[in-house]
């Protein structure tokens, strides 16, 4: 996957190379994951309003015989237009390095910095991971990958109450319904103090066949670690 | 450069990685090269009518102080919408492998084939090379790369009449004006016989500093050969 | 770095590409790090006796004018002969998958398995990381990278007693001398129970300039995570 | 394949990654190709005397049940010791840039140059291509790749006399016996004039399955062109 785009440019997107041919794929396979990720759905996330409607620009073909749209083995380009750039006023952050952003690093490394909403170092980049991940889910049959929030600050879930269905029902993607309601109050109190807290997410992959990945420098552990640590907030 | 897009999909595009920051770049640096490449300008090329208007989707930033738009060091995505797909009727080629296209190979390799105008194996892909090349021209100062057609079938130019200015004045990008007019009649006669001929293009790079490229498997000769042989008609 | 070699083959080695030219380099820059890593030096490590003498096979040149041996920019190959393969008797493990080794995975993935001492999945591979790391230390001036063991099982060091000099004086590379002696007894007791424990290592890099690494998928955090998770015991 | 080594260092070698497991492989599969390539066998090649005995250092395993040595899927390292470095006297070329070598380029690029027999830019590097190629031949069953010299200077073979068996019988690997004897006299006369000539080699691959290679930038034509142009004399 090659991604591109800034938080406040015209669009973000990615190119997925190496997807096998003849896999059924339409925008409706991808959009539900973007909808779930979409900001502005609870008071605990970014308030940016953005439909994040994904378009497939290449790599698929509508087979007239079967009426199915399938991948062709060619690069799959995905595009999401930015519709709420909220570019109004950056006067207050234009000359400030924000802790928790890579502002200083970008300035030192590139000598130029896109200060509009984080530019390239915006968490908006992760939308393309979600989109590409939706394609990846279609490639390995029988494998299921799910994640859940299990701790926020010092507050943990009760694992005895783990229910995967619950993660779709609360704003924290938390498998323990009671913990989720507690988390809301807790996070509110942290916010009122003008602070923030980290969280622990647990990802479970089931139905993984033996032998995935390559030895040593390319092993699955290594690839997963690189992927996780490439996400901004991790 | 990562390219994507099919001849008859919604768009073609590319992502250019590794462009240095703080280089002035707008669409007007790229568009003239696409205009020159554009099909439908003479009776000797593809008759497809296509404005090939390029949009820069990312990797640039308008510096308010200087009023200049510059690269930021982030991936530069370029997009060209397909506006004349001419998708009318593929009934006659749908079930045929055309010699000179990779139809058979794609079918064997992928088990699915986008028969609309060549799909991924369309020469339309080269538009993105031209666009990315326009960016590359801005990166290495003092280097000039130019090309000219010097032979078509058995007909050659007279090198004593070589004039670089001439390549902008005839349909063959030929530096010898007399040869160019001869080439037109010659090609017409070949066409009337229902045949086609190859051509020889000469590319001259001037102002190349010593030491570009890497030794042995990454040497400049090797990279250039790979690039040239990756073009469909070569 | 490209590594090769099995625990019980004739040799292990690596090729380091991309080392800048004109850096002073002889075997004596590398050997001390291998000596420190060498097994068989305390009762707490592998008992394999192995001098691990490194040879530089390429990429250096003795400058007759200065009398200095320097890198040339060409690939640096390093080789360590295996002198204590201890191949005596594998009858007892030949048909067993050992937990804690990748025996089962290799068998499923490759359909063949080198059961002699772990084969390719032996921790012996890390010797080449140490050797290549010794070269890396010479490339970035002013940067110092050091590591120390800070916890073993549930036993932790007292950070108030941290002394970097101490890590060369005990078998645990532990910066707290008192903790180190406690660790010895503790580990002995664990061993007597026929068990084992994990440990926590802390790595400190000082003098790191801003802007190292590439954004997002190539960022330093991501590269370091991939490297650490590619080590067998991590 | 990753290669290393200089003409006058202790050894040259390579690491072959990605070879499938369970392919029978011993040094005797590789040595015949190196023997055929070996310099000093006729008066028309380099006079360096070198046995070029290859050792396999890793990536193979002797299966005790079958008694066969097979690849394991791990990196295969090959090593050839340099036994005739002929390092006697470089005083005369030490301060000269030889045309036909990359002496000047290396000096500009790296600021240091191994003047002993060409250093890294010696044609000796091609020995590792021959060795790795011998492994490649075992991987694609049913494919046969052969080459022959068909022209030297302005002198060409008569294709009516093409006999593949002939290429093993003359010093020019020429499939036309009569041409080969003519080539000898011709080359001798060129040499006496203190000059040299180029040659044309024809490579024929048979039994190639459809669909090898990747589209566009990774296509087989592109890969082959890159490989050929990475050889020094090409």
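Letters A, B, C and D name the chains as they come in the text, with residue numbers starting at 1 for each one.
By definition in this document, a contact is a pair of C-beta atoms (placed from the backbone, for glycine too) under 8 Å apart; a residue touches a chain by one contact, two chains touch by 3 or more.
Fair warning: this is a prediction, and the values are worked out from it, not measured in the lab.
With rounding to the nearest 5, the Cα superposition of chain A on chain B corresponds to a rotation angle of 180 degrees.
Ranked by how far their CA centres sit from the centre of chain A, the chains are topped by D.
Chain B and chain D have Cα centroids lying 35 Å from one another. Inter-chain centre distance (chain B to chain C, centres taken as mean C-alpha positions): 49 Å.
Annotation for chain A: residues touching 2 or more other chains are 3, 74, 106, 109, 120, 215. Contact residues on chain C toward chain D in their complex (touch as defined above): 2-6, 9-13, 15, 17, 21-22, 55, 57-59, 61, 63, 70, 72-77, 79, 106, 109-114, 119-120. Note for the complex: chain B touches chain D at residues 3, 102, 104-106, 108-109, 120-121, 125, 210-211, 215-219, 221-230, 234.
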